[in-house]
Each structure stands twice: as structure tokens, then as C-alpha cells.
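What follows is a pair of complexes built around chain A, which joins chain B in one and chain C in the other.
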Partner chain A sequence: MDYAPARFHASARKLAEQGGDFAYTPENQAKFDAVVQRYPADQRKSAILYALYLAQGQQGYLSPAAMSHVAHHIRCTAAEVEDVVSYYTMFFTKPVGKYVINVCRTLSCALLGAERVTEQLSEVLGIAPGETDPTGTFTLLEVECLGACDRGPVLMINDTDWHERLAPENVRTFVDDLRTRGVGALTGCHLHKEGGKT
Partner chain B sequence: MDSVTLTIDGRPVTVAKGKTVLQAAIESGISVPYYCYHPGISIDGSCRVCVVKIEKMPKLQTSCSTLCADGMVVSTRDRDVVEARAGVFEFLLINHPLDCPVCDKGGECPLQDFSYTFGPAESRMDFPRRVFDGEGVKADVDFGPTLMLNRNRCILCTRCVRFMKEIDGDAQIGIVDRGYGSEIATFQEQGVHSLISGNLMDVCPVGAILTKDYRFKSRPWDNPGVVDTICTLCSKGCNTSAWLKAKPEWARGSRLIRMTPRYNPDVNGYWMCDIGRFNYHWIEGENRLRRPMMRGSAGSAAQAAPLEASAWHDVQPRLRDRLQEAGSGGAFHFLASAHASMEELFVLKQLAEALLGGDAMKSVSIGWEATEKPQPATTKFKVPVTDAPNVNGARDLGFAVGRGNEGPADLSGLRKAVEAGTVKALYVIDPAGPKGSLGDISWIAAARRSGALSLLVVQAVVTSELTEAADFVLPGSAWVEKDAIYTNDQGRVQAASRAIAPPGEALEDWQILVNVGRSLGVALPYESSGDVRRALAAAMTGYSEAERLAFMRPVPASTWMQASNPSERWKWDFLFQDLPPTKGHNVQMEGLPAQATPFIPLKPVQ
Partner chain C sequence: MAYEPVLTKFVNEPNSYTLDFYLKHQRGYEGLRKALTLQPNDLIEQVKASGLRGRGGAGFPTGMKWQFVLKDTPKPKYICCNADESEPGTFKDHVLMERNPHLLIEGCAISCYAIGAKVAYIYIRGEFFHVQEILEAEIDKAYKAGYLGKNILGSGFDCDVYVHRGAGAYEAGEETALIESLEGKRAQPRIKPPFPAVAGLYQCPTAVNNVETLCNVPLIVMNGAEWFSSIGPEKNGGPKLFCISGHVKRPGVYEASMHTTLRELIYEQAGGMIDERPLKAVIPGGSSVPILLPEQLDTPASFDHIQKAGSLLGSAGLIVMNDSVCMVWLAMNLLHFYRHESCGKCTPCREGSDWLFKLLRRVEAGEGQPKDLDLLFGVSNNIVGKTLCAFGDAAATPVLTTMKLFRHEYEAHVREGRCTLPASWRAEHPIFAAH
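Up next, the complex of A and B:
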């Protein structure tokens, strides 16, 4: 039924970037199948975060196709998946660089000059916070506390690796180092080193 | 049933166990505002305006999510409550645009009503309001084929989200982003695609979700007439309200301005489908039959003569002659749509029995269509397959209806008889539009054109292929133009009320049948549809209540507000009877010691 064929002003909402088709790789499918079994059949939806994490790991970000694929697997609607994806800042809806640089901006780091660090990174990489450089190597983000407050300013690269005590004036060397040596250039998290795996 | 007794505002209240404090307050006529609560969907507790003070509980409680318990002492007018509530209202209006003058909800908006009654008199917001999608009506964005969404007006009560998840069964709406940036959205802005999407306008307590159909068409105070009726577009028989725009009879444009559902727990709950809600434009459309028509009014009965508009008093005698001619041949047949009401079918039955004697019931076929409606399997509001309101009524009257409401009518027997030439004259009654309600009946028109039928009388409401081929066209009435009763698929007998008059010279269908009968010498002693119902109630078992069914007339303009916002309408039966919303005067503060500001003052803005 076409009740009102007129077109209206378009929504200004930022949508996820279109990608190609998406399906879990066999390994990810096996991981998903193993994890989803831990949930009661009627609460299969609760596996949504793990399912999205797998999809983002596979594609780097969550395209509409990936959200639909996840919705199909956990048996809910794509709108409910988009609801969750848009809620969590750690899910990306557009492609990100090889290194996602998360700069802490919470109190301790801020007092130790995290803002300067972000400015320097912006200048060196030529991108504003939230953007990805044209080569697809770096994405710069500002985040809340990373839990290593006594060694600020702290960065986290790709959810996995920490870099501590990055002075604004060392940013240029740090970036060059990261380019050439990869994550080997990072100091790591002192808490990991001292207390073993926590 | 177990019941509990509590005290609300010093008044003892007894309610069934399991009810919430808000429901208890509503039932006993105590005004508590609410947005996220809706009686038809689950409880959310997100809007916070229903806060009350309950003794022995440390903080104010949301009454919508607090179950009643024996001995509970609740206050809805304590100073703490009044201040907290006013604070919540102030927050709700921080970003809500004050575009009520252009908003379609203005005048029937719970946010307006409750803000006037319970909120602070003015806002202290000095900053620019947050906007999504642009300002003003520019922010109205497409929300599917039937709806518009204005996110600026949204107060995030999530009624629409819960409606789609629980009632529709397909959760197409979600809240994207978070905190200050939260907005109602569908996946990738695809919009809502549902057969019951129109209900979202009703559940929305502000003007955020509106139907494209009603957008900018009228204002509540311009719709003084509301008629309680039923929908007859399928076998469910949803209880509805037909809204009439105030305008003189001679002015252009339609009077019927929208259809909304009316609460009936046994039939449709709070909801109705989009077919019934939006498929009414044909009633006052261009294709309506306004005058009777016949072929060859100049004298020649030739089939080639054009169909010409005529007057009832010219049509009646010629119709009588032709019917008598056809009747003597013994091959006369009636085809009635199951859109015909009980009254019409009852008169038709008497007419057929008088004209055709023992073969009467075999000489009347009942026709209707059936279409499978695409709906999610888990939907709580199932739209039936039968597209006619009165199949069960036809069965009760003794007409053959085959499998009834389980599938379409089987007219193949009649078709064979017409094409074989055993039926020579056909009288079709179809008071439904816009495409008729008998399915594909092009074979009837074809049979008339080929001469297999020598007489075709069509009593209908809109022009169609069938009326083009007919010898006589008799203009009847749509269901909102007559007082009539219909028997739905549950066997429930319900009344549809006359909201507007039939157009032009069109008559109510029972009247046309009575006139035809009388011209043929059949005694049909009916002067009104009420007479028919009285006879029907006396003649049929199970229909004794038929004459006592109430037919509504438009409610007067002075009570339009009580009838406004259909899904909220039931609350008007309880709320605000003693507390009319009054601008600039917080009735909840009455009786309390005067105070300059009923809220905690902020630091003055420089």
C-alpha cells in the first residue's frame, strides 16, 4: 500500500558504511557455535556482544551486512543489533586503520598533558580525533580511563597493547617507531609486567 | 480473585492483586501523569513522571512499576512528589521543541496536557535546543510507507520500540546511540514496514511519530465530531472511531478525516490495522455512485444504449418491469457481498423468499474475498484472511457460505450457471469499495456484454467494470453512512454507526431493497433500519440483543478533548474529571502553602 508517495527531508543520522557481503569464516562460525551453546535457548540474544566482537575481528568494522548476519545468527532483528552496536563506542561502523590509537583523556592523563599528546598526534598523522588517515594505517580516538593512571599519559593500541608515559614532545618519534617496528615499539602495561597476567 | 487494599491520597483503594500503583490510581480516578506506561504494552519505567511517595520507602517510587501491596500508603500530592514531578517535566521540555502550533499532536498531546497540569509554569533553559535532522517540520523524516518521524519531539519513552517488539512481533525500531545522542531509529533508516504501523502514532505520547495520511490535514479542535463505530474491512470487526472534520456540507474536501482504534478487550484491544485505518478515502472519493443510473432511459431497452444518470422515481418503474419480465423466465439470481449488513441480508432474504418461493435460498449467492496478510508469526494482532465483515451473519441467516471465514467464497457454481445461460438475470449487491468485495467478477460483466445475461442490476457504492456493464445501477451506502449490524468471525454482533450521510441521491442499502420489493408488490413493512433490526431480533435466535445495540452520533464539540488521542482515550474516563489542565496554574499545588518557586533554584544565568 502506498499511502503517501511524496518524499520527505532525509534523516541526518550517520549510517554504518556499506560493505560487501558478510559471512563468518568457518573458524569464527565454529567459535560462535561453541559460545552460543552456553546460553539458554530462549536467551540466545545474550550472545550478541561476542557475536559482534567476532564479526568486527573478522572485518575490522561492522557493516550493515555484518549486523544482519549477526542478527540472523542470534535470532533477533537487525534493528536490535544496530541498537547495541551504536551504544558501545568500541564497535566501529566504518573501516578503521591498522593501528587504532586510543588516547586516555581522563583526569590523571589529562593533568599530565594528554590533550597535548592528542594535538601532537593529530598534527603528525594529519587527522583529527575520530578520523582514519588516508593510508588506512592509523585511527585516532580519545577514550576514558585505561587504568594505568600512575604512568600517564597512556595510549592503548587496538584494544590489546598499552604505551605509557608518552610525552607530547616524543610523539613524532613514537609514531615513526610504531610505523617501522609495529607493536614492538610500545612499552606495554607495567601492571602486566609486574603482576603477571591480571 | 485476590485483592489488595491500599491508601492513595488518604483514599482507601481496593484493586486486584498484581496491579501497579499507577493502575490503582487510574482506576480510582486519581491523576498521576505517565508517558512510558501504556496499558497495551509492557512496563518500562523510563519516563519517571509517575513518581509517587510511598510510606516506609526511602525514595520516591515510579508508580507504574511498583506493585500494590496491602496497607501501602501512597501520596501523589506530597510536596516532594510535586517538586520532583515538576523537575522531571522541566527536563522533558529542555529539548522538546515548542512547535505545538505546527505539530499535528497539538491539542491532543499528553505532553501538553500533563505539562500544563503538573509541570513548572516556565522553562529556565537558556541554551539552544538539541536538534536532530534539522529544525521545525524539516526534521520530519521518512519513517516507512505510512509514517513520519520527528526526533526532536521524541521524549524516548520507548513505547514504539515495545509496541513493535511485543505487539507487531518484529522489532524494527530501536534506540541508537546513547545518552544525550539517543534517537529512535530503524535499521539503516529503512523505516517501519508493518501492517499495523499506524498504531505507532497512537502510542506515541508526543508528535514524534505521525501518519503521513493525517499530517497537516486537521487539528483536534477542527474535528468536533467523533463517532464510535466499527471497521468492516475484514472479519475481525475492530472497534474504531471515525473522526469528522468540521466544515459545511457544501465545502470541498472530505469530512471523514481519520479512523482510529477504540478499546475493546474482546476484539481488537487498543489496536487496528493499517487497512482499516487508511482505506477510507474512497468513501468521499470521485468514484462514488451518487445517482441511480439506467440504460436507454429514452425508451429503447437496447443494450447498446448508454448508461445515463436518472432519478429514483424514473428508475423504479422500469426496474420493476424488467424484473417482472426476468422473474417470469424463472432464471433470476441474487449475488450479495458479505459486506452487506445483517439488515440488508435479512431484507434480501425476505425479498427472495417472496419472489422466488422455495428456491429462494438457492437463488442467493454470498460473495467475499480472502487474502493472506503478510505478518510476523509472533504477532499479537493477527489480521484475519477474510476481507468481509459479515460472513458469519450470512451463515446465521441461512445462506450458503461454504467454508465461511476460512477462505474465499466459491462462486464457480454461479459462474457456470451464468455462462451456461441457466441464470438470465442477476441482481448484485456490493456496498464495498474501492475495488468491490466479490473478487474477480469480470465474468459477470463479460456475460452481460455477450448477452448470456439479459438483465444485470448492480447495487453498489463505486463505479467499476460491473457498473459499466449493468442495466441498472443503484447507489448504496458505505458502512460509515448507515446504522447497521455485522457479525464478526467470533460470532460477536457489533454496531456500525452512521457518521456521515450517503452522497447525492444514494440510499441506505436496506431501503433500496425495500423499495424494490414494494414496487414488485412484496410487503416489507420497514420504515427505518431500526424496524428491520426489530424484526430480525424477533425472527432469529441469538440476535435478541440486536435491537438494543447502541448507535452513536458525533459527540459534541465541547467534549472533543475527552475523546482525543484514541489510545489515551480510556484514561479520560477516569482522569481529569475534576482537574482540567489549566495553563500557568498548577492544580497539584492547590492547598499547599504558597511558595515562590516550586523547584530548587539554580544559580542565576548571567
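Up next, the complex of A and C:
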């Protein structure tokens, strides 16, 4: 008898992909040591998100070894780190593409065609949302409101760069541009430009 | 009388974000200098007299919130600036931090002095990395110039301001969830009481304030409580930022007094509707609040007027929609958001939002049955008022408000097995390509 038919148990603990050993580079170690000072001495755990960003920046995703390393620095258990990692959307527990394309799908962007942008990206890249292309260059994700709804459809590339007002018909050129020029192809945040900053 | 912006007057000028510009054009740090000559209690009284209400969503009087911060305690106190800005349709704090960061930094320092804190953490959403870079660089300059750090301006007052980066969670904007997240845990709310004013960050007395709220503080100190309250209707004083997005010609952030009507905001400031199509609905305060109809556009956009009209000003994110928008689709789009962002701590919200989304998807796809509409109503009402934080009510709102005002659209989906808005409209509008 099947005690746990899949339809009753949609949730599953997502295990992180195994990677090699992990330790911060000296540079990242120094950054961590500086930031942990911002919190009271008995509240190191406050630096956990920062520590995870550092590890993810170094390795591309968070492996069990990276999470253990963070646990060691925060002085908490690896389970507590995993608890945090699994909650926040900006952490990855599997390798992702060089460019993680996050398309905002929430109302204001959707009113301006975000769903079609995702469709086009999907077609041009040959992957569905949630997937990474075989060359490991692109990961396509749909995300919720990015806080720039006047510039929809908005995209966040990796966790640092932005592209605004991407019309569905321009998706193909956009992807080509991103391939050849990297993040230089992005519009960035309009305020930077209109406000006269590079 | 033309309104003169004070929060965003210079945001389109090159270098408006720099310390030099701030000092030269915005009487930079004069408010802090003046505040440090006053007694903290007098400062709180001044903010109370100004009538400043929180700009984060609830509109709670800021001076009162500060007064509740426990005084007789050996523990340190904290200011947490809520820069999580994740409410769909809201992007005002983004502009303030990116183009006028010193106003926030000065606001943080004054607020710390007022409540007796020595540290302010600015909790910024993880997606705003480009904003964080600017903010941190400018904080650095403020330290070097002696506006932050030890013995500020020779007053003996010490204050540190740090930026803390979140990592993608709408719920981190709820004040106790924000505190949990700052402590390095999942962003899930706490049971209140105790309120943050008594036991907040690290169980110490804490005031959580929105970015725009704190940006108003230096202006009040500099120009006086009377100046502030004279802008806008009674109890709704001060400059206000409105975020306008959706089917308007010039979406963006507009600063105005709360006398300004929704019509003026949409048709004058934001340039009116794209292609002059008729307006069908407007959500006036971010995705969590009830819809207002075209006949309500002459309502002034103040906390109290919008509430009287049956909605809420919330985060002042106006999402404007024309006649091509299907209201079942709208509810489905927003429930996708809520289902994804529910922190999962309470069952009605966690399960209910997922259930609502699935029901809406079915109805929207034309596969719904008449009983699904009763179920949508029933599930929504089993979330409202039964959850730990206001998220639950917010999640049910898109369903309840669209069912109340546009029930015929739901019925038509069920009856016809498809959306009944004319296909020609749909073709013109990108959202309906996959409809």
C-alpha cells in the first residue's frame, strides 16, 4: 500500500547540491570580519545574510560545505543556516547560470507585458522559467515586484544589476547584447542615468 | 497654489545624491544641528505636534510611536529603518535613498537622538543593491564629515548608521518580521504584544520607521511642526510621495500634498491614460488595499479621505488600470504574489492563499464552476482577521474587492468558459496575449 501518494505531499525538503570544500578567500574573510562588528558582540547571527551573500558570490551557489562554513563563522548550527537559506529567494542551493535573469511578474509589470517578456526569453534561450541553459550561461526566473513598477517590465540580472522597460519585441536583441557585452548591455536603474550618474 | 516639492525637488539633478549637493541646496544637516540643541523629549513633542503619520502603510502617528519606546531601561535602544519596499506598486523609498540619501541619514541620526538610540539599522531589500552601494558610500562621507560617529558636531552624542541587506522576502517588511530577519532568522512576524517599542531588536526597545517617514523628520525640525501640518488636510499633513504605475502615460513618483485628488494625480501628474482609454479601476495604496472606481477619483489622496471612500492609502502606490483589464486575471496575478510571499507561519494565510490562487486559476481558465465563486468568498473570509499579521487580510483583499465590484466578470467566466472582454481589446494589450 502506498502510504504517501505524491499528490498528498507536494512539499519536499530541497537538498543543496554537494560541492567541494569551501572556505572564504582572505578578502571575503576580511569583509566578514568587518561587517560582523556592526552588530553587538553576542549577536553574530545578524551577519548571517551577509555571510551567505559572500559565500554565494564566491561559489555561485550555497553548497552544504559553504553553509557549514557560514555556520562556523556565525557560531550557529548548519541546520539554522539551512533554515535561513531555504526561506529567502535570493539564495541558490544549486549551481545557476552566469546570468540569472529575474523577470518581475507582478501586477504593474504584467500590465505592461511582463508575461510576454518571459515567454520571449523562454523561446530565445530555449529554457522554461526555473531552468538553466546547458552551457550554464543563463538561468531564467520569474520574481515578484522589484520596487520599480514605473519602469516595467523590470529585470534583475544576478543580484546586482537591473534592466528596465524591456519590450517583448526587443528580447532577442537584449539577449544577444547580454551575450556579447555582458552587464554593460543593461540599462541599469533609470535614476542613475537621468540623475546624471554614469 | 502650486505645490513646491521638498523631498524630491532635486532628484533629477545630477549629483543630487552627494553630500556637497545636499549641504548646498537642501540646508543639509541643519536639522541635525538644531535637534542636538534640543531636549529629546521636546523633539518627540515637536514630531507629535506636526502630526506626521507613518508612510510605511499603516499611517500610525510617528511621535506617538516614539513616545512608546521604553525609557527607563538599562538596555540599548534602536531605530530600524524599514527600507524593504516590497509592496507591489510602491517605489518611492527607492528614489529617496538613491537620489536623496543624506535626507534619510540625517533623519536616522535625529530619530536616534530623539528616542535615545545610538544605532540605526537601515534594512534594505536585497534587490536594491544598486541603491545600497550609493547609500553606503554616502554614509561613509557623513561619518568623515562628522555627522555620524562619535561626538557628533561636538554635542557628545554618538550615533552609528548601518545598512543591512535583506535577501528577497516581502514579509520582511512587516515590522516584527523585519526585526527577526535582522537578528539572522527567517522573516516571520512575532506575536504582539510585546510591541517593538518595548521589546524589539535583540529584545531591546526599538522604533521601526519607514524611509519616507524618517526623511520627513529633518524637515519638521528645520521648518517647524506648524509648517508641516499646514501642508495637506487636517491630520494628514506634510509632503507625500505617490507612486503611479500601470496604464498611465508618465508613470513615476510624484510629490504632492494630501489635498491632491486621485484624478489630479492620474490625469495631471501622470499625464492621463495611455491611448486615452477609459480608466476602469485604481488600487490606491499598493496591492493590499481595496479597489476604487472611476466615480471615486475626486477623493483627495489622504489617509482619512481614502479610508472614507472604502479603501486605504497604504503605501501610496497607485496602480491604474484601463478597461482592457480582466478583474479575475488581476486577482489571480496578485494571489500568485501572496501565495508566494506568505511566510507560512499561520495556517489560514499559508493554505488559504494557495487555495485562492488555485481557484482563481481555474476560474480564469474558464474551468470554474458556480460553487467555486462561493468557495472563493468563503476561503477569503476564513483568512480575514484570523492571522498573526496584516498579510492575511491583504491576501484576501484582491479577491474580496474584485468579487464585490466585478462579480459579473467572475460569473461570465464560469458561464461562458472564457474571459468575455472583447477579444479586440485583449489583442491590443500585451497581458492578454496568453489569456
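Keep this in mind: the second predicted complex is superposed on the first by the 182 of 198 C-alpha atoms of A that agree within 3 Å, B and C clash if a C-alpha of one lies under 4 Å from a C-alpha of the other, contacts with A are read in each partner's own complex, and residues count from 1 in each chain.
We take it that a residue touches a chain if its C-beta (ideal position, glycine included) is under 8 Å from a C-beta of that chain, and two chains touch if they have at least 3 such contacts.
Since we're looking at a predicted model, the values are computed, not measured.
A.B. asks: Thinking of the overlay built on chain A, is A:64 touched by chain B (first), by chain C (second), by both, or by neither?
C.D. replies: The answer is first: A:64 touches chain B but not chain C.
A.B. asks: Which partner does A:79 contact after superposing on A: first (chain B), second (chain C), both, neither?
C.D. replies: Only chain B; A:79 stays clear of chain C.
A.B. asks: One more residue to check, A:49. First (chain B), second (chain C), both or neither?
C.D. replies: So A:49 only meets chain C here.
A.B. asks: Examine A:189 and indicate which partner it touches, taking first as chain B and second as chain C; both and neither are also allowed.
C.D. replies: Touch status of A:189: second partner only.
A.B. asks: Pick one for A:15: touches chain B only (first), chain C only (second), both, or neither.
C.D. replies: After superposing on A, A:15 lies in contact with chain B but is clear of chain C.
A.B. asks: Compare chain B and chain C by how many residues of chain A each one touches, and report the one with more.
C.D. replies: Looking at chain B versus chain C, the one contacting more residues of chain A is C.
A.B. asks: Residues on chain A in contact with chain B in one complex and with chain C in the other?
C.D. replies: 76, 83, 87
A.B. asks: Can you name the residues of chain A that touch chain C in the complex?
C.D. replies: Of all residues in chain A, those touching chain C are 38, 40, 43-50, 52-53, 74, 76, 83-84, 87-91, 105-108, 110-113, 115-116, 119, 143-152, 156, 159-162, 168, 188-189, 191-192, 194-197.
A.B. asks: So in the complex, which bits of chain A are touching chain B?
C.D. replies: 1-4, 6-13, 15-16, 64, 67-68, 76-83, 86-87
A.B. asks: Quick check: in the complex, which residue numbers of chain C touch chain A?
C.D. replies: 11-17, 76, 85-91, 93-95, 98-99, 125-131, 160, 162, 164-170, 181-187, 202, 243-247, 251-253, 287, 317, 319, 321, 325, 330, 333-334, 336-337, 340-341, 343, 430-431, 433-434
A.B. asks: What residues on chain B touch chain A, complex-wise?
C.D. replies: By the definition above, chain B touches chain A via 132-134, 138-142, 145-146, 148-149, 170-178, 183, 185-189, 211-213, 215, 274-275, 278-279.
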